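After this come two complexes, each holding subunit A, first together with subunit B and then together with subunit C.
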Partner chain A sequence: MEKLLIAEFQNEYDLVDSVKAVRAAEVEVVDAYTPYAVHGLDKAMDLKSSRLTRICFTFGFIGLLVGVFGQYWVSAVNWPINIGGRPWNSLPAFMPVAFEVIILFAGLGTVFSFFAWRRLKYGKPGLQPSLRVTNDRFYLVMKQGQQRKSSAPVSEIVMAHHGKMVEN
Partner chain B sequence: MADHQISIREPQIHGNKNLNDVTNEVCNIMDRKPTWLWWLGISLALSALTLGIVSVSYQIATGIGTWGLNKTVGWAFDITNFVFWVGIGHAGTLISAILFLFRQKWRTSINRSAEAMTIFAVICAGLFPIIHMGRPWLAYWMFPYPNFRGPLWINFRSPLAWDVFAIGTYLIISATFWYFGMIPDLATVRDRAKNKIKKFFFGALSLGWNGSYRVWHRYETVYALLAGLATPLVVSVHTVVSFDFATSSIPGWHTTTFPPYFVAGAVFSGFAMVLTLMIIARKTLKLEDYITLNHIENMTKVIIVTGGIVTASYATEFFIAWYSGNGFEQFVFLNRALGPFAWAYWIMVGCNLITPQFFWFRSIRRNVTIVFILSIFVNIGMWFERFVIIVTSLHRDFLPSAWSMYSPTWVEIGTLIGSFGLFFTLFLLFIRTMPMISMGEVKAVLHYRGKEKE
Partner chain C sequence: MVGHPLYKNIEITMSEKNFILETSLFKKLSMATIIGLITIIIGVFSSERIWPNILLAANYITGIGFAGMLFVSIHYVSNAGWGVAIRRIPEAMFSAFSVGFILMILVLLGAHHLYEWTHPGAMINDPILQGKEPWLNLPSFIMRVPVYFGIWFLLGKPILNHSRKQDESGDLEHKQKSIKWSAAWLYIGGITFIISSFDWIMSLEPHWYSTIFGLYNFSGVFNAGLAFMIILLIYLRRIGYLKVLKNDHLYELARYLLAFTTFWIYIWFSQHMLIWYANIPEETGYYLKRHAGAFGVLTIINIMMNWLIPFTILLFRKSKRTEKPLLIASAIVLMGHWLDLYLMIFPPLIGETPIFGLLEIGVVIGIIGVTLWVVLHSLSKWNLVPIKDPYLDESIHLHT
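What follows is the complex of A and B.
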């Protein structure tokens, strides 16, 4: 396995600039570790936008079907009760509950999909380059591959952006 | 480059902090020993809660007859408290979701505690309908599930059934949103924890969060989606609560303006409660750098707007009553303003119409003591609004021989005080056990570019 290179930075701007620089030198960026969601780093790392929006819509749509047909089945098929002469299928009256079910399904579905995808689960230990990730330090994890010959070595690029290499 | 723009705005967070300062100052609130003020607060809150438990136990053991209700006034104190507490909750979601979608960065230092306030307020609210059932041990009958009574399903045409779904969904989604937003901060607490219990507890709750940016990127997407879902949800919840009244045929309740009127009123009262809590928190926990005068000023501006909508609603109700030509409708509104409950009506008008007008003045918006006092007046006014809507519309109905008055018994007042006790107990425990300021979000608005000397 190739060796991973880890660089440490003290603020978000140095990290983002450094990501751009090492990528320009064709060094592969594996991941970055940051204390907060750094603005603009997704573009610098060229991350694809998430598919979770579609997951959210799908769960919401399932919620709509469950909400509407569930109420229909209960009120008109399984055990119809005459309440004030209202029609069995009182669709307008079913809308508020259907709406809440959409929100419930979409919200919980999205969050649990995220947990499952990112393997976040109850009681899992956090594995990170340093405990300071969650406090005040930014780390960049790179893979030393076929770096372009003409460019400076990774450590120099990192130094130029006020970072320092960390022993792996 | 966009990254290197010079900010001409005043910074969100004062005190020229670095990232480590934020972590330490927020976590220190949990680490240091509680102050005498906290002990005083929790003893008062627990005493109030005890009174509430005694009142509710007595009521459940004896029956709803312990309340001041009668044949004419079948809904009064209990439903007033329910609508009041649901309304309080709305500001939290507004701050956490709607202001997030509008990119209002100032929300970062208050959103965590405002969301906590939402959850605790909704818990308090949810208790009242359950108590009102008289047989709360059968509360699960509210949910549709296959059963051996038919199967007898719930009536989905009833606004009260809508309420169950609206409040239930609201509680679940708010709690999810709150916890989800807290995961990175829980990891921060985990990584700096010294003692074993804390390490275990926060290690379990932080789900192995490691600050990986690839996860952050997805996390931000989910957060935005939850905000997008919570926004229509919060509007729908108070809309459904207003349907409890608006879909009935009682004059004074049977109004199409109720949904926007109730939602605006909810945000109005909720922001007042956020102000009350935040002013106490910033003073006692010394968070002046995080919850600045600008935050307070922004919240008072929301109060001016929503107070204006509430005022317009009061005027609209009277206008429509006159314009409808319906004698019963006209009577209810004249009775509200001039009848035996006129004192409650004018407390409501005084607190809700006049109080926000002070906030037109910048010197008052930035005076913490006056804002604190005015915020309490708004809370009182909004409680009375619900009382006025519910009781004055009922107590003189179509048949003068059925007219009656209503006054609460000690059981009802004890239950109200108990709900405040529950709310403040939960809030004070929250301050001690969870990071009450969203560190991850505050750090992002610091625009910190400093470099420490090695």
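What follows is the complex of A and C.
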């Protein structure tokens, strides 16, 4: 495994500023670890929005079709029962169940898609670069790439933003 | 942390100008208000149809005020920071209550034209109406109107006063007191609003009842209030005020709107489905009127305007952060709320064919004029941003 550079910061503002500075110096940012969600960090790291939403929508749509046509098939095609003289295809009555099926499909489908996508399974060890990143500090994990000669080394950029480099 | 560059916003708030209602706009709004007034005066002497129009206007304008105060109270009670920079706009919407009150008094004058249960002849031969007589009688109905508005005013005014006093002193105590008043407002205001919907709208058809009706009315009202707020905010930014307003604020409001359009269809469908499914004659009459013929077409348009179109537009992140789709969605919701109230009020009163004539147009112009006039006038009296609120920093640097 390639050696990773880890920097530690005391607060979120230094972290966000440092991410910007480090990216400007063409150092690859692997990930940032924070005790809570930090506003503006996603923009600074230029993270793409998740594609999971599309999967979620697809599963929800499948849920809608299953919910409506499943009930239609059961109560109008396969085994029609006269309930109080209502039509067999009682669409308004199917809606609540279809709604629940949408949520079930979308929820479970998204979670399991994520598991499959990230190859997650029960008992898989965590992927932290170091146990340190689970502390109550702000950590920035970088990869040493092809740096321009003119720019300062990573440790200096980090120092300029009140951070310090730490070992794995 | 205070010295950090992210927290240099004092200049931003100090450069915020106070809103001034310009003469040209003032004249236009006054004209619209006068057109509405003249329409009402002509209508009172010439047409029965003016009374449901006045009732609609009263409910629409009261709803704008209610939604504004509700928005402010939710923010105090949930201790939310993001909305502080734009709080003065929903606070200004509170002033719409005064116009709603005046219109509601007008409605009381025409109660005989609107409410079947005010006729003693109808009461005598009707055991159902006799059973409801302890609540639905004219003296107590008249008395309840000032009671509702009194409660809303007395609970809402302290919240506004504390907010304005804080602009001068910066005292934290004002915020803490506002939180208590807001909790009272949410609880008592919510219950009185639901009962007032029963009184003013549901009793148009006194034989019919729906326990969810108040909530249904509320969901439409809050939609309209949010849409009104979004349009007003974008307008203020376009003419050069409220520079602290970022697209992130609009994004949060648009998410509110997206959620509440969904809430509206949820409540609409809940009421519809339970009545459809139970199929009891005294309940289905309400929907038979509204689903037949031309009113049936309007019901479908209503669903599209209040839910399907704004929901589809606002579903995308980008359209929630861009002015133009937001304006379109909000305008559709505002018009949709008018249609929603139209479908609640008009069908039992005007027969089987919906009418949209000069009376309706005149009253709509009046609604737009007088609502904007009172809200903008109230906005011009105070700082456009609550400059000494402790959460202002957080709100200005909102990031979504």
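Definition applied: the second predicted complex is superposed on the first by the 144 of 168 C-alpha atoms of A that agree within 3 Å, B and C clash if a C-alpha of one lies under 4 Å from a C-alpha of the other, contacts with A are read in each partner's own complex, and residues count from 1 in each chain.
Everything below uses one rule, namely that contacts are C-beta pairs under 8 Å (C-beta built on N, C-alpha and C of every residue); 3 or more make two chains touch, one makes a residue touch a chain.
In this text, all values refer to a predicted model and were calculated from it rather than measured experimentally.
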**OP:** Quick one: classify A:H39 as touching subunit B (first), subunit C (second), both or neither.
**Re:** both
Original post:
In the superposed arrangement, does A:V154 touch subunit B (first), subunit C (second), both or neither?
Top reply: neither
**OP:** Please work out whether A:L5 is in contact with subunit B alone, subunit C alone, both, or neither, and reply first, second, both or neither.
**Re:** neither
Original post:
Is subunit A touched at more residues by subunit B or by subunit C?
Top reply: B
**OP:** Could you look at A:L127 and tell me whether it touches subunit B, subunit C, both or neither (first, second, both, neither)?
**Re:** first
**OP:** Answer with first, second, both or neither: which of subunit B and subunit C does A:V68 touch in the superposed model?
**Re:** neither
**OP:** Overlap the subunit B and subunit C contact sets on subunit A and report the shared residues.
**Re:** 11, 13, 39-40, 49, 86, 93, 96
Original post:
For the complex, which residues does subunit B have touching subunit A?
Top reply: 2-4, 18-20, 23, 144, 150-153, 155-157, 159, 161-162, 165-166, 168-169, 172-173, 176-177, 180, 183-184, 187-188, 190-192, 203-222, 225-226, 229-230, 232-233, 236, 239-240, 243, 439-441, 443-444, 448-452
Subject >> Interface residues, subunit C side, partner subunit A - complex >> reply: 1, 4, 6, 269, 272-273, 276-277, 279, 317, 397, 399
Original post:
So in the complex, which bits of subunit A are touching subunit C?
Top reply: 11, 13, 39-40, 43, 49, 84, 86, 92-93, 95-96
Original post:
Once bound in the complex, which stretches of subunit A touch subunit B?
Top reply: 10-13, 16-17, 31-42, 45, 47, 49-50, 52-53, 56, 70-71, 74-75, 78-79, 81, 83, 86, 90, 93-94, 96-97, 99-101, 103-104, 106-108, 110-111, 114-115, 117-128, 131-136, 162
